[in-house]
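Below, each structure is written out as structure tokens.
Shared between the two complexes below is subunit A, which pairs with subunit B and subunit C, respectively.
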Partner chain A sequence: MAEALRAVRAAARLELEQLGRSRVLVTLVVLEAITFLVLVSLFGLTGSRAPTALIDRDDGPLARSFVDHLDAAHHSFALRPMSADRASEQISSGDILAIITIPSDFGRRVAGAGTSVVPITVDNVNEDLTGDVREAMPSAVTAFAADNNFPGVRVVAVEHDLIDHETGYVAYLVVSALALTAFVVSGILGAVSITREFETRTVTQLRLAPVPAGWLVVGKLLAASCVSAIAVGIAALIVVAGYGVHPDHALGALAVLAICVVIFTSLGACVGALLRRTLPVSALFFGLALPFYVDSGALEPLRFDGEKLWVTGHASPVYSAIGVLQWGFHGLRVTPESVLQNVLVLCLWALASVLVAAAVLSRRVVRQ
Partner chain B sequence: MKGIWTMARLDVAIWLRSPWAIAASVIPPAAMLLLVKVLTVAVTAQPVALVIGDPGPQARIMAGFIEADKESYFLKITGEERAQELLEQQRVAAVIEIPKGFDEGVAQGGAKLHYTLNNVDIDVADDIRRSVDRSVAQFDAPQFGAVFRGGLTPPNPYRVDIAETDLRHTDVAFGTYQLLPVLLLLIITLGVLGGALLGSRDHERGTRVFLELTPLRRSSFVVGRLFGTLLITVAFVAPVVVYLTWKGSVAPPPGHWPPFLAVLALTAVLSSAIGTLLGVVLRRAATVALAGVTVASYLFFLGGGFTTIAFLPQWLRAISRGVPTRYAIDSMRQTLFYPDLKGVATDLIALGAFTGAALVCSVLALGRLTR
Partner chain C sequence: MQPQTLIEVQEVTQRFRARVALDRFSISIDEGTVVGVLGPNGAGKTTLIEVVAGLSRPVSGAVRWRGELVTSPFPRDVRRRIGVMTQHVALYDELTVRQNLRFAAQLFGVEHRDNRIAEVLELIGLSLRAKDRAGSLSGGMRRRLALGRALLHNPELLILDEPTLGVDVEARHALWGHVRWLRGTGKTVLLSTNHLDEAEALCDRIVVLRDGRRVTEGDPAELLARTGHWVEIDCLAGSVPDVRERIVGLPGIGRIDVTEVGLTVHVAHGDSPDAVTIAALDSGLVQSVRVRPPDLLEVFQSLTEEADG
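Now for the complex of A and B:
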């Protein structure tokens, strides 16, 4: 046993030295971890606050009140006051999505119990964005009428929230992205640690070593896991310090990230042993991360997207990982399964991944 | 010229015999395509349960408005207990309840439409909030948003109505809007990874020495390598463009084909030049592949491939001005989705300038390599 431990330690040290000599690779892996956060943030920013020109030709108290209600209409508009000429120029060049013009007689008409017509010009290039803008106008109008107690309004909507706090979309997305970061980083490093042995033909030396080659592979993967954990840790730090997302259950979140690193390093090693080439590894993991990202509840609880996607989502550990991470960071429950069930599933995934990796590596690396 | 052609043919032949290189280039755009397809499902209507607690005529009218709004809700009409179960199991994102006594409330001018919302994040929650507000507005102002001939607007108790003018005749479906930039991503990954992997292959296999010993002029090697990478990109992208045109996904207005093709061509040259540069600088296949995928991702996302740049904060918009693909994606959207070519000339000039700079850098780097 002491000999095995010594072999593991030596292999891990060697792998770390090799990674130390591949500083560009390690830097790129860390960059890849951050890349995912950047990418989902860019996507998240498109989900709300459509850039909208505001031309206020009235500027009276009622017009200003209406503008306030537009601004508060469920994160729908990023209002940019400007002249009509500039608005026209910006909408035709795609810089803004809509132009809202408050007519000069807005206040007079509203105060006189008449109906003021507010023109809105929409760049309906994309029906998703256009739909949000269209639906936001009734929100602003109904809230404006309710706050001003206009008679004749017979129905008002009363909202009851299941959760006592609001979670921003980018804050939600970056937490989900941590699971994908672990997938990409650990998968690539796990795979590369094996493919390198094939490409440099040192796999033969592993087999001829005076200790069981399996221990050497364990050492290599432990080192790859450590480097992955550091890269994922950097991404988690950015989420906390950069995005200001403070975890409700920090230890739980960290533990889940650690389990993810184990799962994905093992699976990465399997992929490496099967492909034996480094070339397609990064594209494969990056490519797989994108569909995983949407079919794992990263954008919203997966069951909202239908039973088929929800059932499919269970085929990857990312689903359970996101379930626990959203609880760990935001205190949210985003899967019908409880946190404990998700943790249990992740532990089973970890066990299965290690066993599968052991079987594949034993056939492809150790014995052949 | 013969030397250039020979070098280009050699590179194309090598690449076509490298299935893993092809896989590495095609996987990211293929995955992005899948992502767009799944997102098309995710961004549409939200699952909502409706509980009708009042059998009166006003309650039925309210329910009718909600049922008719198929753009906003995947509706399940059910009882109160079942609705709570569905909410608990996350089968629905909200429960809308038309309570008992709704009709009475309407008669007294104080009816309430309750809804319980799984406000897990503001994206889901705001979609539902907006939809419920719209349904409520329809009840008291059924002709809300309707402006009749001559500018006449029916009065409503909200005292404000909307007159919407759309810039174009049809909305572009979310899938199509996001799908076409994926074509650019394919060009970017093919060009970047194609050029980069050819460079790293020469280094790792030591075949650069052979290239140096051939009676090939240095300029022929440099131009031939770039031309070869470009040919690889064109060989894969041309059939995709033809297919998308046949399917109707690529249908530029009359006169927009030349600028559209110019965008594709310039992006292909730019990507090939960047890839060639990466191959020369990084040399090792592992780092080149990782760097290629990362560079392609940033070029795509910061260029607005998956986002609308106008939504981003000022500082990010400023950064994106330095990203060449922004001009490619902007001009591509303008040529395909807009009736005029406003800004396309400027975008093409900017894209051309970046392409020229990338070409100069890659030619210099390749030239130094073969010295």
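Now for the complex of A and C:
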């Protein structure tokens, strides 16, 4: 046992010293963790602020009221009042998505119970954005009519919220991003701790040593996990301090992140032992990151995206991790499975990952 | 006193898919000797080294350590007694020279670690570079560091796989100096090389290997003597056929390679090259005559022809 401990300690120290000397690698890995947060924030912001020109030829009180309702109707609009010439120029150059023109007789016609045509020009470059504009107009018209007591329109919405607080979209996204951060950071560091031994051929030295080579691998992976945990912890701190998301269940969230680090470090080590080269390993983890992110309920609860995506999402532990993290930070339940079930699934993933890693590493690293 | 056999490889065969890297190969290494395994690239030297170091398990045959049968991976007690300098130096480039040695010392449970590291650094002449990163060292220094790492735990058997591969002449001679020093201390060394002069300079016994098989074995002087001499004759313009006429038929003449400007004549072992030299000079048709030992390729050709009868 003393020999095993000596091996673990020596290998852990070696890995930390190597990482300490590979400052660029560690810095980039920590930056990746933060980059994910920035990436998803930008995604959230751009998706909700489609620039739309507003040409108000009337400028009367009813026209202004209509504009207010347009602004409130759908969060996808970012209305920008401007002249017709400028709007035409900007839609041609791709600076704006749509032009809404309020005609000069808008107030008169509406007040007289007549019909006013509000022309909309849309750059239908993609259906998602075009759909947002299409959906926003009728709701704005309905709300405008109801507020101004125009005859024939009566809409009353009664909303019963399931959750006692609102969760901002960006706040939702950055919490999901923590699971992805753990995936990328731990996966790469776990893999690199093994690929480096093959690339420098020092794996032979591990095999020649009169200590169980398996313990040396354990020591290296423990050190890699610690560094990953620090990087993920920094990202979590930024979520709390930078984005102002205060966790409802901090310990639960931290525990899940720790489990994620174990899972992804183990899987990373497996991939590292199989590929034996750092470059393809990094490409693989970055390549998998976005599909995992999108198909794990990171953008919204995956159950809302259809049966097929929901079933596919279960193929990665990121799905369960996001389920527990959204509960940990926002108190949300975003999966049909309970938090406890998700935690159990993650524990099973961790156990399976460690066992698979032990089998693969034993075959590819410890033996020839 | 009869020297004890430290490690013995018996009838070992090693295959990599269809390729036979070692074919029923045997070798025994006595305590206190330096044994060289000489062979061209692809002869099976590194495979043999891996079998002896316990890194590779042969498909058949046996390896015995002090008479005890051992299989790869060797028992820890045996691994502790072997030091290996692999062909690729396999250092942690990001770490310092001292950190590389410290990691090895930890793995091998070296006592009084710091003192021993200082001793080894002194021995390999890297004390002043102890704080430098291994990656910043020259090729020769990296080889010396790898040698130091292999020596750190004071092994009974030191295995060096092509220790001077890819280093300059100065570094090569420095490494030779270290191996000679080890030889002087009675250390048992197994060394693979494809340099004849290296094997000659360092080894008590040379085993010549080709295509995974033993070609021959003996002490360096004996092997060189068995391969004879080569006489290179530079002739005057147009006189090569005449000089050849005078040499053909002299005793011990083997092959004669003819070029436009001269001849290269093989004189079999046991026969003196003097007769060829005198005949060439007496002809008055030569510019120069040079007698030289065979190069590695010629040794292989010669010994292989001898082995093939």
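Simple rule for what comes next: the second predicted complex is superposed on the first by the 357 of 368 C-alpha atoms of A that agree within 3 Å, B and C clash if a C-alpha of one lies under 4 Å from a C-alpha of the other, contacts with A are read in each partner's own complex, and residues count from 1 in each chain.
Definition applied: a residue touches a chain if its C-beta (ideal position, glycine included) is under 8 Å from a C-beta of that chain, and two chains touch if they have at least 3 such contacts.
Since we're looking at a predicted model, the values are computed, not measured.
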Which of subunit B and subunit C A:L208 touches, first, second, both or neither: second
Subunit B versus subunit C as contact partner of A:R6, first or second or both or neither: second
First, second, both or neither for A:L288, with subunit B first and subunit C second: first
Subunit B versus subunit C as contact partner of A:T200, first or second or both or neither: second
Touched partner set for A:L340, first subunit B, second subunit C, both or neither: neither
Partner chain(s) touched by A:T130 [first = subunit B, second = subunit C, both, neither]: first
Which superposed partner A:L14 touches (first subunit B, second subunit C, both, neither): second
Subunit A residues touched - subunit C or subunit B, whichever exceeds: B
Subunit B versus subunit C as contact partner of A:L251, first or second or both or neither: neither
Residues of subunit A at both interfaces, subunit B in one complex, subunit C in the other: 22
Interfacial residue positions of subunit A with respect to subunit C in the complex: 3, 6-7, 9-10, 13-14, 17-18, 21-22, 200-202, 204-205, 207-211, 216, 367-368
Residue ranges of subunit A touching subunit B (in the complex, touch as defined): 22, 24-25, 28-29, 31-32, 35, 38-39, 42-51, 66, 73-76, 78, 91-97, 109-110, 113-132, 134-139, 141-145, 150-163, 166-169, 171-172, 188, 192, 195-196, 199, 275, 277-284, 286-291, 293-295, 299-301, 303-306, 309, 332, 334-336
Residues of subunit C that touch subunit A when the two form their complex: 53-57, 73, 76-77, 79-80, 82, 84, 86, 88, 90-95, 99, 103-104, 106-109, 133, 149
Of subunit B, residues touching subunit A in the complex: 18, 20-21, 23-25, 27-28, 30-32, 34-35, 38-39, 41-43, 46-47, 62, 71-72, 87-93, 105-106, 109-127, 129-134, 136-140, 144-145, 147, 151, 153-168, 170-174, 177, 189, 193, 197, 282, 284-287, 289-291, 293-294, 297-298, 301-302, 306-308, 310-313, 316, 330, 333-334, 337-338, 340, 342-343
